[in-house]
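Dropping the structures in below, format is structure tokens.
Next, two complexes with chain A in common: one pairs it with chain B, the other with chain C.
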Partner chain A sequence: MILKPRLQDLKIIGFYLGKIILGLALTMTIPIIIGLIAGEVNPALDFIIGLVVSVILGYSLTILCYTEKDMSWMQGMIVVSLSWIIAMLLAAIPMYLSWHWKSYLDACFDAMSGLATTGLVLVQNLDHISYAHNFWRHFIMFIGGQGIVIVALSFFVKGLSGAFRMYVGEGRDEKILPNVIHTARFIWMVSITYLILGTLALGFVGIWEGMKPVNAFFHGACNFMAAFDTGGFTPQSQNILYYHSLLYEIVTVSIMILGALNFRLHYQVWTGNRKEIIKNIETVTLFTTIMVTFCIVATGLTQVGIYPNALALFRKGFYQLISGHTGTGFQTLYDQQFFTDWNHLAVVGVIIAMGLGGAVCSTTGAIKMLRIGVIFTALCEDIKRIIMPEKAIVVKKFHHIKEVFLEDKLARSALMITLCYIVLYFLGAVAGSLYGYPFLQSLFESTSAAANVGLSCGVTGVNMPDGLKLVYIFQMWAGRLEFLSIFTLIGFFYAAIKGRK
Partner chain B sequence: MRKKLAILILSFTLCALSFALSYAQQLSVAEIFKNVKEFDGKTVVFEGEVIGDVMRRGNFAWVNVYNFDDAIGVWMDASLANSINYTGSYKSRGDKIEVVGVFHRACPEHGGDADIHAQALRKIADGHIIQEKISFTKISLVALLLGVLALLWIFRRSNIS
Partner chain C sequence: MRINLPVSITLGIITEIAYTLLIMLAAFVICLALTWTL
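Coming up: the complex of A and B.
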């Protein structure tokens, strides 16, 4: 029997939603400061408006729904799924006010793309945008990459058991440390340490390649946030092609790979257990899938013969592949070139890589390496069972931080999520086809949106139908949260309509 | 007579050849990629605003030129880049230039990048600093919203007391 949600449920959801909104409002102070330092008054006003609207909404919710009760699983999941929608609506306010987005829907699209670390863009005239707005575009990737709820957990929520529920709802099912608040803070510590190092590295490379120091470090910080959080926004419209630099490409590839690794693996390496890198099922799977998909891409590009030499082929093929596989979305190609210069085989290689993704408990989207590894191990186990005598007992283990027995439950769960992603990729592709785009292009863009990648073959643009923009927003949201909290939200609405009092 | 005819044929051939090799109409990046095979290796005339940084690399420089909501990298002699005074950003409108150069869909010299190697550059219009006009509407909206927030805070305080 399904029960109708009670007023108390709504109050708990509203109260914690209010807290998360207040956390988001706090983050808007940084672009205000940047705007004021850079002497950009109107952009600073855009963010003040966004901040005050967020504070009014968050404060009202905490007053109206005040409670001291902790959250249940269901409430935690709903808070997470709704907080991402509200964060998108609020983050889009200062963006829309800048007039660089054609409509509020376009601003919402880019806000969700940023928060979900996708990287598809509808921004107009990006090369003339203010420092404040440009920083905000990248900063929401940094916030979204760690998790909006993680922001609130780190600063606003203390000692809640409900905190773990929100943490899981945000698509992270692994704790690094026993306490989820400490886990959130560790994730921030890792990210901020890498942010400083990455900004310095990219900043110096930028200066070396002829950029002005202020721009070099600003671009460095923005590109680091986009690369480590596997987002894919860049400060200029040409994406990474703007820099015309092999060195810049090498540094960004390294950061993208770092961002695609499990935070638990980072923890192991930071605490001296470096062997974990070569033993872990996720890194082994990641290495294997990169090799396999690169072979597909390289074969395709060799068939076309577009690139003048092997180095150029490797540079273009490997960069787009790593960008797609890690879910970043940085490009050193123009959107159109995927279909004007590459053949279908190379494009299919990139689509497969995008669909697979990086590690769990990282900032990447998509199916993820642990699940692929588990499914492959389970398949091997089943084949072994068939080959071996009936009475033989086959026990399969894999290494993920520790030795883990492969149970049916684990394999089933991995298969379920994988199936959900494949369905999501194809639904978006069908939607694109219904709007008149060729199927392969639709599949490319749909996989990019749902797997939170951000590579584009040219479907995404301001003239794209509004319906398709909404489909991609949904895909980015569902793909980032990994379905559980979305299903709970759907169940909640169903219970509100059909449930018994 | 024969000599004159030969000169006439030669000049006609050269004219036709140069017409076939160059596309003098104002091009956008999207148009280039629509017919990328035709433009590959041809001399193009590309017009647009200089944006971002002029990145000097030894005796050469990369200049990114923007038109119709997209930009392309132009590889040029550093001496050509010296004439650029303003680059486009939030606070400035960049110099508007016309570049005559060879378009490469996958440049052999630059790791397969799509770019233009400039042969000549002409400045069409000087860039300038943009004076920001502060929006009165936005200031009014901030004041209004702060008023709402203050009322909310007073309401909360009065409820507590």
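Coming up: the complex of A and C.
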């Protein structure tokens, strides 16, 4: 029997939603400061308007829905799924006010693309956008990569036992430290440490390549946030192609892979357990799938003969592959080149890589390495059972921080989520085909949106039908939250309509 | 055993960067192999 939600449920959801919105409002102060420093008064005003709207909404919710009760699992999941939608609507306000987006829907598309660390863009005249707005595009990517709830947990929602429920709802089911608040703070520590190192590295490479120091470090910070949080926005419309630099590409590849690693693995490696990086099922699976998918892409590209030497093949083929596999979306190609210069084999290799993704509890989207590793191990176990004598007992384990017994429920759960992702990829492809795009191009773009990648073959653009924009926004949202909180939200609405009092 | 955190973090970062370089090296070897053979 499904029960109709009570007023108390709505109050708890509203109260914690209000707290998260206040957390987001505070992040808008940074682009205001940047705008004022850069002498950009109008852009700063756009963010002040966004900040005021967010504060009014956040405070109203916390006052109207004030409660001291803690969240249930259901309430935590709903808070998470709604907070991402509201964050998109609020983050889009200053973007829309800049007039660099054709409509509020386009601004919402880019806001969700940023928050979900996808990287598909509808922004216009990007090369002449203000520093404040350009920073904001990358900063929401950083916030989204960490997880909106992580931001709130770290600074604004102290001492909640229900915090873990929101943390799980955001698609992170691994606690690094016993306390979820400490976990959130460790995630920030890793990100800030790499932010400093990555910005310096990219900044110096930029100067080496002839950029002015201020621009080099601004681009360095923006590109680091987009690479580590596997987002894919860049400050220039030509994406990474703008820099024409092998060194820049090598540094960004390194950052993309670091962003695709599990934060729990970072903790182990940083606290002395360095061998974990060669033993962990996720790093082993990541290495294997990168090599397998790259062999597919490289074979396809060699057949076409477009890149005559190893370095060109590496810079074009491997760069797009690793960008797709880690879910970043940086490109050193123009969008259309995927289908004008590459053959279908190479494109399919990139689509498979995009669909796989990085590690769980990282900033990437898609199916993720732990699930692929678990499914493969379970498959090997089943084959062994068939081959070995009937009385033989097969005990299968895998290494993920510690030795873990492979139970049926673990394999089933991995298969379920994998199936959900594959259905999501194909639903988007069917939607694209219904709007008249070729199926393979639709599948490429749909996988890119649902797996939060951001590589584009040219389907995404301002002239794309509004219906398809909404489909991709849904895919980015559902792909980022890994379905559980979305299903809970659907169940909540169903209970509100059909449930008993 | 007490851990010297700054040293441990530095070594951890070096280990992680080495892992990323290993992936790039392996990919480059594939590029060399394919451009020579095909």
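Everything below uses one rule, namely that the second predicted complex is superposed on the first by the 501 of 501 C-alpha atoms of A that agree within 3 Å, B and C clash if a C-alpha of one lies under 4 Å from a C-alpha of the other, contacts with A are read in each partner's own complex, and residues count from 1 in each chain.
Definition applied: a contact is a pair of C-beta atoms (placed from the backbone, for glycine too) under 8 Å apart; a residue touches a chain by one contact, two chains touch by 3 or more.
Source: prediction; values computed, not measured.
*Asks:* Based on the superposed arrangement, let me know which partner A:Tyr131 touches: chain B (first), chain C (second), both, or neither?
*Replies:* The answer is first: A:Tyr131 touches chain B but not chain C.
*Asks:* On the A-aligned overlay, A:Ile192 touches which partner chain: chain B = first, chain C = second, or both, or neither?
*Replies:* Touch partners of A:Ile192: none, neither chain B nor chain C.
*Asks:* Mind working out whether A:Ile290 is in touch with chain B, chain C, both or neither, as first, second, both or neither?
*Replies:* So A:Ile290 only meets chain C here.
*Asks:* Just to be sure I read the superposition right, which of the two partners does A:Thr299 touch: chain B = first, chain C = second, or both, or neither?
*Replies:* Only chain C; A:Thr299 stays clear of chain B.
*Asks:* Once chain A of both complexes is superposed, is A:Asn309 in touch with chain B (first), chain C (second), both, or neither?
*Replies:* Both chain B and chain C are touched by A:Asn309.
*Asks:* Tell me the contact category for A:Val423 with respect to chain B and chain C: first, second, both or neither.
*Replies:* A:Val423 sits against neither chain B nor chain C.
*Asks:* Between chain B and chain C, pick out the one touching the greater number of residues of chain A.
*Replies:* Comparing touch counts on chain A for chain B and chain C gives B.
*Asks:* Just to be sure I read the superposition right, which of the two partners does A:Val55 touch: chain B = first, chain C = second, or both, or neither?
*Replies:* In the superposition, A:Val55 contacts chain B only.
*Asks:* Between chain B and chain C, whom does A:Leu261 touch in the aligned arrangement: first, second, both, or neither?
*Replies:* A:Leu261 contacts chain C only, not chain B.
*Asks:* According to the stated criteria, A:His244 is in contact with first (chain B), second (chain C), both, or neither; which is it?
*Replies:* It touches chain B, and chain C stays clear.
*Asks:* List the residues of chain A that touch chain B in one complex and chain C in the other.
*Replies:* Touching chain B in the first complex and chain C in the second, residues 308-309, 311, 313 of chain A appear in both lists.
*Asks:* Which residues, counting only chain C, touch chain A once they are in their complex?
*Replies:* Listed in rising order, the residues are 3, 8-9, 11-13, 15-17, 19-24, 26-28, 30-32, 34-35, 38.
*Asks:* Inside the complex, what are the residues of chain B that reach chain A?
*Replies:* Contacts found on chain B: 29-30, 33-34, 36-37, 51-57, 61-62, 64, 66, 69-73, 75, 88-91, 105-108, 110-115, 132, 134-135, 138-139, 141-142, 145-146, 148-149, 152-153, 155-156, 159.
*Asks:* Which residues of chain A touch chain B in their complex?
*Replies:* 39-43, 45-46, 48-49, 52-53, 55-56, 59-60, 63, 97, 124-125, 127-131, 209-212, 215, 236-238, 241-244, 246, 306-309, 311-313, 315-316, 332-334, 336-337, 340-341
*Asks:* Spell out the residues on chain A that touch chain C in their complex, using ranges where they run on.
*Replies:* Listed in rising order, the residues are 193-194, 197, 250, 253-254, 257-258, 261, 266, 269-272, 274, 277, 283, 287, 290-291, 294-295, 298-299, 302-303, 308-311, 313-314, 317-318, 321-322.
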